[in-house]
Amino acid sequence: MVGAQARASSSLRRAAARAFSSSTSPFFRGIHVFKCPDVVGIVAKLSECIASKGGNIHCVDVFVPENKQIFYSRSEFSFDPSRWPRDVLESDFQRLAKHFSAERSTVRVPDLDPRYKIAVLASKQDHCLVDLLHRWQDQRLPVDINCIISNHPRAPNTHVIRFLERHGIPFHCLPTAPGKKGEEEILKLVEDTDFLVLARYMQILSGGFLQAYGKDIINIHHGLLPSFKGGNPSRQAFEAGVKLIGATSHFVTEELDAGPIIEQMVERVSHKDNLTSFVMKSENLEKQCLSQAIKSYCELRVLPYESRKTVVF
Amino acid sequence: MVGAQARASSSLRRAAARAFSSSTSPFFRGIHVFKCPDVVGIVAKLSECIASKGGNIHCVDVFVPENKQIFYSRSEFSFDPSRWPRDVLESDFQRLAKHFSAERSTVRVPDLDPRYKIAVLASKQDHCLVDLLHRWQDQRLPVDINCIISNHPRAPNTHVIRFLERHGIPFHCLPTAPGKKGEEEILKLVEDTDFLVLARYMQILSGGFLQAYGKDIINIHHGLLPSFKGGNPSRQAFEAGVKLIGATSHFVTEELDAGPIIEQMVERVSHKDNLTSFVMKSENLEKQCLSQAIKSYCELRVLPYESRKTVVF
Amino acid sequence: MVGAQARASSSLRRAAARAFSSSTSPFFRGIHVFKCPDVVGIVAKLSECIASKGGNIHCVDVFVPENKQIFYSRSEFSFDPSRWPRDVLESDFQRLAKHFSAERSTVRVPDLDPRYKIAVLASKQDHCLVDLLHRWQDQRLPVDINCIISNHPRAPNTHVIRFLERHGIPFHCLPTAPGKKGEEEILKLVEDTDFLVLARYMQILSGGFLQAYGKDIINIHHGLLPSFKGGNPSRQAFEAGVKLIGATSHFVTEELDAGPIIEQMVERVSHKDNLTSFVMKSENLEKQCLSQAIKSYCELRVLPYESRKTVVF
Amino acid sequence: MVGAQARASSSLRRAAARAFSSSTSPFFRGIHVFKCPDVVGIVAKLSECIASKGGNIHCVDVFVPENKQIFYSRSEFSFDPSRWPRDVLESDFQRLAKHFSAERSTVRVPDLDPRYKIAVLASKQDHCLVDLLHRWQDQRLPVDINCIISNHPRAPNTHVIRFLERHGIPFHCLPTAPGKKGEEEILKLVEDTDFLVLARYMQILSGGFLQAYGKDIINIHHGLLPSFKGGNPSRQAFEAGVKLIGATSHFVTEELDAGPIIEQMVERVSHKDNLTSFVMKSENLEKQCLSQAIKSYCELRVLPYESRKTVVF
């Protein structure tokens, strides 16, 4: 595994560095997100901090929800690590966070920092899982995959199992039963992850699990939320005679399929489509919608706000 | 009015004829839709009938819902009216309808037949109404507009009223009150129409009215049905934190916002959008979605089937 | 005219103010664009300037072309005009412009500043012109229209002429002839405008005219530049058997159809489309593409860079 | 190989049969395309032929190019093979072909007929090749892959080579050199194929090769033809400052990048994109555009007409 992921990871960084240096030579790219009470002059202080270390701002996105006094920002900048070492950069932003009593202040330097570690939970259907693995293999998903967990077994010769073996990614099968959701085992397995991805995982995670894990969980729902919550949304959509079907990636909360929406995608359907083609078109949307959400999340573009909304910078 | 609409109408036909003759010279275009119990050989008989009169088929779309024995078809063909007079064409298809005990058999020859007559019902908001009028004026909507009915008055100098006066289209204001929906007056005013268009008409038409009118009624809903039924769907969508908003044109049935869907359109929204911009984006969708539905309907492309679905050929 | 445009203008501002104040109460919205040699700390200084007057930054977009040392930015902020008067705001940014020896520094306060004044040049075809007029009437285009100029006459009872009369917008017909392009007359008529819009104007403006006018000119081309330059792009596309047709709005330069592209839009075509429907689909794209370009331009989102490119923030 | 492809193939058929039988129980699906001089009554005869054997027509698409007397059609129908055996079906349509002196008449019964055999030619870049292989593995591409041919070597441990080994698909490396295009070797290797796919194959196939092979060749071009022909279209587009980039799949003819277009797709680009991201976005389009063209081709939806156009039913 080390081999495989190291290879992927290093060449990804080369790619990133290359892509980026193409715009500003020896520099590295930094991303900073910030959430604090809204007062005047936050952007001024942030950009002054970056400039004072010779950093160059590429964009600053700011969002202040209507009639709320909360400030959200995302800044992208380039800097010379020899002039602004990673740890100094960290402490400089910490100082600002303190000064503005920020609720959140996160920095990432994709070319330097370790990639996010995730675990993927799936059930019987493989299409989202396989798609994630292929994108990860093509170095389109900047994550390390700690393990795959499913409540359904896979035959040893299936594509997924063979793929995981080749790349040294552990596969854990934790069958569920009434009263036995195996959440404790899952918790142990995902302890070391940065966030979780539910790739068509058909179990409802308990509030206890969500609290115990305490980090973000991204789910893909094969319907255009808030319509078609719960089971078999494709059939629900088919019977409603809709002309557009969709998929929704969102954060997991205790309330089923009601967490903050990150991304939604749609495709046309017509009277020529039957339930089978509804499902096929939906699967295609789910793959894109889920990987898009993961990408945006890793780029620090996604910030939940209020109970049910997200900022997607 | 005569003047205005005659002008529109005749030049529309010239346009139609021109557009069409450009593909097959002196011929006219015929459209035929058919609904009957599914048996073998229907298309064969239909096309044989057209061919026997020197007609040339351009396309035949057939639809048989899964596990139902109902046949739907739409044929487009060109024919020489001197060789196949309009009335003979009619009776030829009638004979086939009888032979297949068809539930429906409709022919239209847009270059010859009178245009559909409609009435448009609106309430306070004008954007859909104004858009329909402009498209009608630009000869993009192949209908004659008998009258506009609203339950809200308009000041004499408003764009709508001045437009209607210029084009001789009557405007009827029928204010509603608790227990007084003015449906009898409406019925009288729309007696002579082929179908009705609800352009953001905020009253619920009673089952009695629907039965008494007995023809199709097309409504635009400013939400992506089946989500966000009823009042203020834009606010509902805004509060749900969706990333896509939509509009839905559908046939009116007794159950609110649950009639067969004809067309749906969506647009992206983001955290930057506030309720005001949700509404503006929605209005833009409503206009396109409603006029698209009317166009398809006039081209005999829209056939309702089962209780909640439509074929849109 | 005064009446009409004043009405449009004032209610537009009310709308703007309303839309905006909904996010930050009594404040007005300011837009600032900046172009100068790239050095460290520009954003810091800009935001510090805004913050020092109690202004609140909503977004800052920055762009530095690869391997060029030129800095482009666009900032949106809200401010209290009682605390930061319009003229002080102007001079504050002037000082910064001087300090960074900026090539360009423009401020706009849509709720306070006079709207941009434009003239529209057209030839025989009216679809783009009519669409602009309707959008202007619906207060979707934040401009004042000084006059319409065409090298083709219009009959007095045409929709366009009647519309212009109702709204008091002068129409000037300047027929062209070999060796007589009437550019001097045009120059006089557009002297007082902020920029020009060519709404399917089929004459090539001379380099002399461009120099003499000296301000921006936005053109709509009914093809997907750089393909299908020059005459009859729809026929060119039709004969090339493309599956997508497009429209392009761009700045006018001396080289025909080679100016910096602002916006492009496409639509699917198929073997079923004939030249007539190519043209109809194209006209629909041209309208959206041209008005989108004008809107972005008025919002200070469009900055040309290098010889053939644009930043569209 | 046999194993792998047999598995893919049989389960694909089960899928197809399932998907289809879901609409009309024990029946199989037939597809028929026809090209002949346009006369009255062709559709009548075709549908009569199908009906006479108890076949049920699902759709008939007809196309007659303007001012040409050529008739193209594609029919989809279901039939009971016990009542209408495959070989009788064949000869029945042959009889019609003769009767209408058809230039082309092809039948396919996807659930019965062997899948199309293809060879894929590639050069250095793998993205289109890898995508085809993954889609084939996921049973989204109804073809058998005879072999992969490249003019560039691959290291043994690359994803492609390992994939091909696992699935028993031969890989042939035929390096080219000035005056040595290895077309004879290629011809031998592809002798047994039904059509060829050029997945970013950077060699120009000679007219001699095209004639000798004599079957269809589908190419993907990473630009929106007819613009950006030839080398490095992404750079051409980048320097032209376009706001939309595209990909084009087309048939190969002797004239470079000028064969009939099958499918085109576009994506937005902005000033934020550099050449690297232009290429990444383009690669994503190329994959979808090429596989879509292959799918349509296998479904008998694609018919070239005139010198540069295609019907895509």
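Read from first to last, the chains carry the letters A, B, C and D; within each, the first residue is number 1.
By definition in this document, a residue touches a chain if its C-beta (ideal position, glycine included) is under 8 Å from a C-beta of that chain, and two chains touch if they have at least 3 such contacts.
Going by UniProt, the chains are A, B, C, D = Formyl transferase N-terminal domain-containing protein.
From a predicted model like this one, the values you see are computed outputs, not experimental measurements.
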Most distant chain from chain D by Cα centroid: C
Please compute the C-alpha centroid of chain A, do the same for chain D, then give the distance between them in whole Å. 36
Could you state the distance in Å from the CA-based centre of chain A to that of chain C? 38
Could you tell me the distance, in whole angstrom, between the mean C-alpha positions of chain C and chain D? 43
Going by the contact rule already set, what residues in chain B reach two or more other chains? 22-23, 63, 66, 274
Determine the shape of the graph in which chains are vertices and touching pairs are edges (line, ring, star, complete, other). complete
Interface residues, chain C side, partner chain B - complex: 18-19, 22-23, 127, 130, 134, 137-138, 159, 162, 166, 274-277
Per the touch rule above, chain C residues touching chain A in the complex are 22-24, 38, 40-41, 43-44, 47-48, 50-52, 54-62, 64, 66
State the interface residues of chain A toward chain B in the complex, per the touch definition above. 63, 65-66, 224-227, 239-244, 246, 260-266, 270-272, 274, 305-306, 308-312
